[in-house]
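The following pair of complexes shares a single chain, chain A, combined with chain B in the former and chain C in the latter.
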Partner chain A sequence: MKNKLSAAARREENWGWIMVAPTIIGLSILNLWPFVQTIYTSFCEHLGFGHYRFIGLKNYVDMFSNTEFWKATWNTVFFCILTVPVGVALALLVAILLNAKVKFKDGFRTIFFLPLVCAPAAVAMVWRWIFNGEYGILNQILGQNIQWITSSKTAIIAVAIVSVWSSIGYDAVLLLAGLQNIPKTLYEANSIDGAGKVRQFFTITLPMVSPTMFSVLIMRLMASMKVYDLIYMMADNTNPALGDLQSLMYLFYRSSFIAGDRGYGSAIVIWTVGLILLVTLIQFWGQKKWVTYDI
Partner chain B sequence: MKSTNSLHRSYAMAKFFTYFFLILGALIMIFPFVWMILTSSKTVPESMQIPPTILPEQWTLANFRDVLKSLPFGHLYWNTTLMVIFRVICAILFSSMAGYAFAKLKFRGKNLLFGIVLVQMSLPSQIFIIPQYQMVAKMGMANTIFALVFPGLVSAFGVFFLRQTYMSIPDEVGEAAYLDGCNQWQTFYKVMFPLTGTSVAALTIFTAVFAYGDLMWPQVVNSDVKMMTLSAGLATLKGQFATNFPVMMAGSLLAMLPMVILYLIFQRQFVEGIAGTGGK
Partner chain C sequence: MKRIPRMTAAALMLALLLSLAGCGSADGKTHLTFQIWDVAQRASMEAICDAYTAQHPDVAIEVQVTSWDEYWTKLEAAAESNTMPDIFWMHTNQILYYADFGMLADVTDLYDDVEPGYYQNHFSEISIGNASGSDGRMYGVPKDKDNIVLVYNKEMFDAAGVPYPDADWTWDDLTEASQKIYDATGKYGYMAYNEDHLGYWNFVYQAGGCILTEDKTRAGFDQPATRRAMDFYLGMQKNDWCPDQTYFAETQPGVAFFSEIGSMYLEGNWELMNKSTSYPNMTGKWDITYLPKCPDPASGDGRATMSNGLCYSTAAHGKRLDTVLDVLKFFGTEEAQNIASSYGAAISAYIGTEQPYFDAFEKAGYDLNLQVIEDQFDYSVQCVNNSARPKWKSPVLDELTKAYNGQSDLDTVLDNMQTIVDEATAAALSK
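Now for the complex of A and B:
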């Protein structure tokens, strides 16, 4: 009796399989199998035209003894350090300002969100012009002569500024939703106690919005670890600061598709995924210290 | 008496700073777009003038003419539109079916199969790119619209997102339809699917914005400039016009325009749709 399904249950099961079939077949071909292949390819030498020869750990040995690779790893981590804390903090500020009783709230929201619907390639192109060392408007305003994009000290900072500018509206909208979920009664009870606005922020707002902040942080971190398009657009092959600017994903693109060394490229992408996993795990472990899930 | 006065003053101060920072922020957000439009209407010598002019001394359309000559924008618009439309159709169709099945139907292997969805969702797309490219190349489909759509044929994110939507619809709705004589498929597409309009709209916007902005995949798979998307085509300009920024600004403006217009028309749906999907 237990193993025998009723006719209706069997029909339901068949429909279930039929309805998930396109997705599962698609994911298997497009993602699951490629995932396995990439791991395998990272242990291979690409002989051209999609032919591979197994070479064991050589790609990884080459990679770990390559200074360009370590530089790219550091650039990626440094890019996260530059973009994530500042980006999330500014987004929280914007969210708090938008959460106050302001006129044209929707208008402000629309403006802050605008970069998100613009292709990063186009956005980066505009910022290249603003940052241009000779004729860029930023130097004109500052009265400086900084070679933003071509000097090794400032190039990554310039890209980080563009990245924060692009994502602030999106993060702010998510944080705003988190702020609006805080019950008003909490503030009312607190203000009877005579607590000031600043203390309210630290005792109510911040703990209550911390779960949203955590998910925004994780998302921003993952996106920054994978940064590619902004760097591709801002850095040319002739850029003297390329070594101090290129991220792991940019190095992956160059190795795999410009140099055609797909085995080495696969090793880089596996390393990057491992790094993302590690950073995410650290965040999940660290959240216990500052994220409040119930108050 | 004095304390209410200072309370009023601090309230006014708070209000002033709120507007001050919001307006300052909004100006910083808007400025690059304004500067792009102004530069695209200047002549090249004028764009390099020091000190710079704010408004063009003489408005010109020459840059747009030049960029249209060096990039086949007609093709780029067409390719991007087709890619976005096909990806959106696939995402809605397959993800709705699977999302419904995972949320409402009982079948063996459900958890294992949903595990596949979760694995794909948590891995960055770059890890699939080399093998995906090799498949496209082996099929002889490089430089086609199919190649652009290929990685978006199924959407693990879409399945995950719509599953949550279907889970929020009470089981009684489906049961009532079932008792009325609908089979599972009819229950799905006549009764349940029409209830998910908001989520489907959100998924549509999310899929479209993401596909439109993606750079690496179209660069890898379509090297023929006539088969490129707006993003990939635009990227070729930076090599061609090293210092001719007015032309590059004209190109950027043309590349941004379609999505920005859609955004300005459907502001609320865009913001709530993309934020509602909670991931990118």
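Now for the complex of A and C:
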């Protein structure tokens, strides 16, 4: 039974391969091969200009005994804790509000989606000025003198705020699509049964939108674990709070490209990939408990 | 009806092919790229390119500007894949790393047919040193020379009744004046921030210390004179008249100075024209002077300023090497260096082409005490570098940050800095 395909079916299978070939080839050259190379590089010392020498596990030994690395790992995890639950919850709230019958709905949708259209670099520059300790508008409004970006206590929170702000729109649009797929009849039946708005939210909206929310959650978590550009744009290398702010990807950038230590940088990348893999596996295992695929 | 889409497709195809043809050198010229990092010098670089292409109409040179931070990331990646720009600026921070790895074309014999000993005859020892590899060969044609000056706000000095700083000023005068200005006006005094070339390096050499030993194999952070200067430099932030590092991480001292928030900071002479034109409201309110001396140096007379110089380099295995070398040869001539100087952005390295730089300020109506820059060349110190510099630059900065944010005390930090530089240097030398 296994390999007994009719001639027509085999032809169809061949066509299938041809159709996906561009994607597979592209993926292999642009993603898969560099990934393999990164693994190899993580066992090497970079001598300069692309010349490497195999040094075994030394990069990993150095990495695990480095306090800066552990701090960066914690910063990354902390950043996820700060951004993911709040970000997704706010996105859901926005999606529900935009799904309701409000005036200027399209206008609001545009406004919430705008941050995504802006270049991340521009976004970071603007927020940098908003957060500026001396002249920033935020401190002017609050009447405080908080060193948002340069104090070790607030720096990561400031970056988290920007991250949430710029991702809400995109997540909300995805969730909105999920919400609009919920049949109206469910709500009608539910309200005939005498359920209030809050009850409707928990018994209909949340379960029905949970598959979309699951995708959003996975994507948001991965993005947060890989955060780099915002930190790069918002904090200079003379920032005294850098140690309490830098994520794993930022540490990787500084090791690989500023200090030129590609091997060590690659080890950090592999560690991050492992971390993301672990978290994603946990999520897939956990989804059985709360994601509803059938009614 | 069916014909229309087909004709449209044909027309689009033709347009596509034409645009592809445009990518090649359809004009028959040799197209060269020239990468720099300072947007303020784009005009002067384009001017010398124009001067060359006027004589060689078969060559076209495009000047590209990349920001300083990205410049080195890009250049190294390009070097690995042998796709470096045809011509690019090289900096003392990096030249030994690139040259010792065989990435740069040797231009030592470039002028042998014109004049033997061309470099020695027309460029200073420091200029030649800044363009040389560890083997003593030239890996770039010297472009410019610079040093660091003290920039001060005249109005704030007047308001505090403090006489303007001069050649006799010492560190004590610097701190005293800062205190007086702060007391009288509430403005910051001298702004000392976490910076090497435009900051503590100058103070270290004034005190008779060093960052690297003479043979460049070891750091000098274990020397008492160096440690004393570092202690003085970092200690300035403890005063009310100097903002702390959290401030400088957001506001560069130059910005604070030209926003009339602080009264003094150190600036490289290459920035003076740019600052003058960027802040026209400040014209006449500020001036430059000599760096303050160390009052009791361990050796020397307490005077020092860092002198750096860039050079024009090209890849060792470039595709259009012959043409490029001819361009570089022109860039090192008196003619080209005079043109570059005349924009007031940088003082050309060729001896005798300095005057157009000074004239540029006069022409633009900026009255600054530029004599200072010329005088300071007499006792300036060559910018610190060794082949491991790219490796230790950022770790040393990170380490010093710990002293600024109070994570470690200065003694520990200096010990660590010594280790970082020594280990990186030893590793680079053993390769």
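We take it that the second predicted complex is superposed on the first by the 265 of 295 C-alpha atoms of A that agree within 3 Å, B and C clash if a C-alpha of one lies under 4 Å from a C-alpha of the other, contacts with A are read in each partner's own complex, and residues count from 1 in each chain.
Convention: a residue touches a chain if its C-beta (ideal position, glycine included) is under 8 Å from a C-beta of that chain, and two chains touch if they have at least 3 such contacts.
Computed from a predicted model, the values in this text were never measured in an experiment.
Asks: Using the superposition on chain A, tell me whether chain B and chain C clash or fit.
Replies: clash
Asks: A:133 contacts which: chain B (first), chain C (second), both, neither?
Replies: A:133 sits against chain C, while chain B stays out of touch.
Asks: Which partner does A:110 reach: the first (chain B), the second (chain C), both, or neither?
Replies: A:110: touches chain B, not chain C.
Asks: Of the partners chain B and chain C, which touch A:13 in the superposed model: first, second, both, neither?
Replies: Only chain B is touched by A:13; chain C is not.
Asks: What is the contact status of A:236 with respect to chain B (first) and chain C (second): first, second, both, or neither?
Replies: Both partners, chain B and chain C.
Asks: Tell me the contact category for A:26 with respect to chain B and chain C: first, second, both or neither.
Replies: first
Asks: Examine A:214 and indicate which partner it touches, taking first as chain B and second as chain C; both and neither are also allowed.
Replies: In the superposition, A:214 contacts neither chain B nor chain C.
Asks: Does the superposition put A:79 against chain B (first), chain C (second), both, or neither?
Replies: It touches nothing on chain B or chain C.
Asks: Going by the contact rule set out at the top, does A:276 touch chain B (first), chain C (second), both, or neither?
Replies: After superposing on A, A:276 lies in contact with chain B but is clear of chain C.
Asks: Which chain makes contact with more of the residues of chain A, chain B or else chain C?
Replies: B
Asks: Counting only touches as set out at the top, which of chain B and chain C does A:50 meet: first, second, both, neither?
Replies: After superposition on chain A, A:50 lies in contact with both partners, chain B and chain C.
Asks: Can you tell me which of the listed chain B stretches (24-32, 186-194, 222-230 or 258-266) runs into chain C once everything is aligned on A?
Replies: Here chain B runs into chain C along 222-230, and the other listed stretches stay clear.
Asks: Using the superposition on chain A as set up above, list the residues of chain A that contact both chain B and chain C.
Replies: Touching chain B in the first complex and chain C in the second, residues 50, 128, 132, 134, 236, 257 of chain A appear in both lists.
Asks: Taking the touch rule as given, give the residues of chain C at its contact with chain A in the complex, in rising order.
Replies: Interface residues on chain C, with respect to chain A: 73, 76, 79-81, 97, 101, 103, 193-195, 245-251, 390-391, 393-395, 397-398, 401-402, 404-405, 407, 431.
Asks: Contact residues on chain B for chain A in the complex?
Replies: Against chain A, chain B makes touches at 14, 18-19, 21-22, 25-26, 28-30, 32-33, 35-36, 39, 47-48, 50-52, 93-95, 97-98, 100-102, 105-110, 113, 116-117, 119-120, 123-124, 126-135, 137-138, 150-151, 153-154, 156, 159, 183-185, 188, 209, 212-213, 215-216, 219-220, 230-232, 234-235, 237-239, 245, 248-249, 251-253, 255-256, 259-260, 262-264, 267-268, 270-271, 274-275, 278-280.
Asks: For the complex, which residues does chain A have touching chain B?
Replies: Chain A reaches chain B through residues 9, 11-17, 19-20, 22-24, 26-35, 37-38, 41, 50, 93-94, 97-98, 100, 102, 106, 108-123, 125-130, 132, 134-135, 137, 140, 165, 168-170, 173-174, 177, 197, 215, 219, 222-223, 226, 228-229, 232-233, 236, 249, 252-253, 256-257, 262, 265-266, 269-270, 272-273, 276.
Asks: In their complex, what parts of chain A are in touch with chain C?
Replies: 47-50, 128, 132-134, 147, 149-152, 235-243, 254, 257-261
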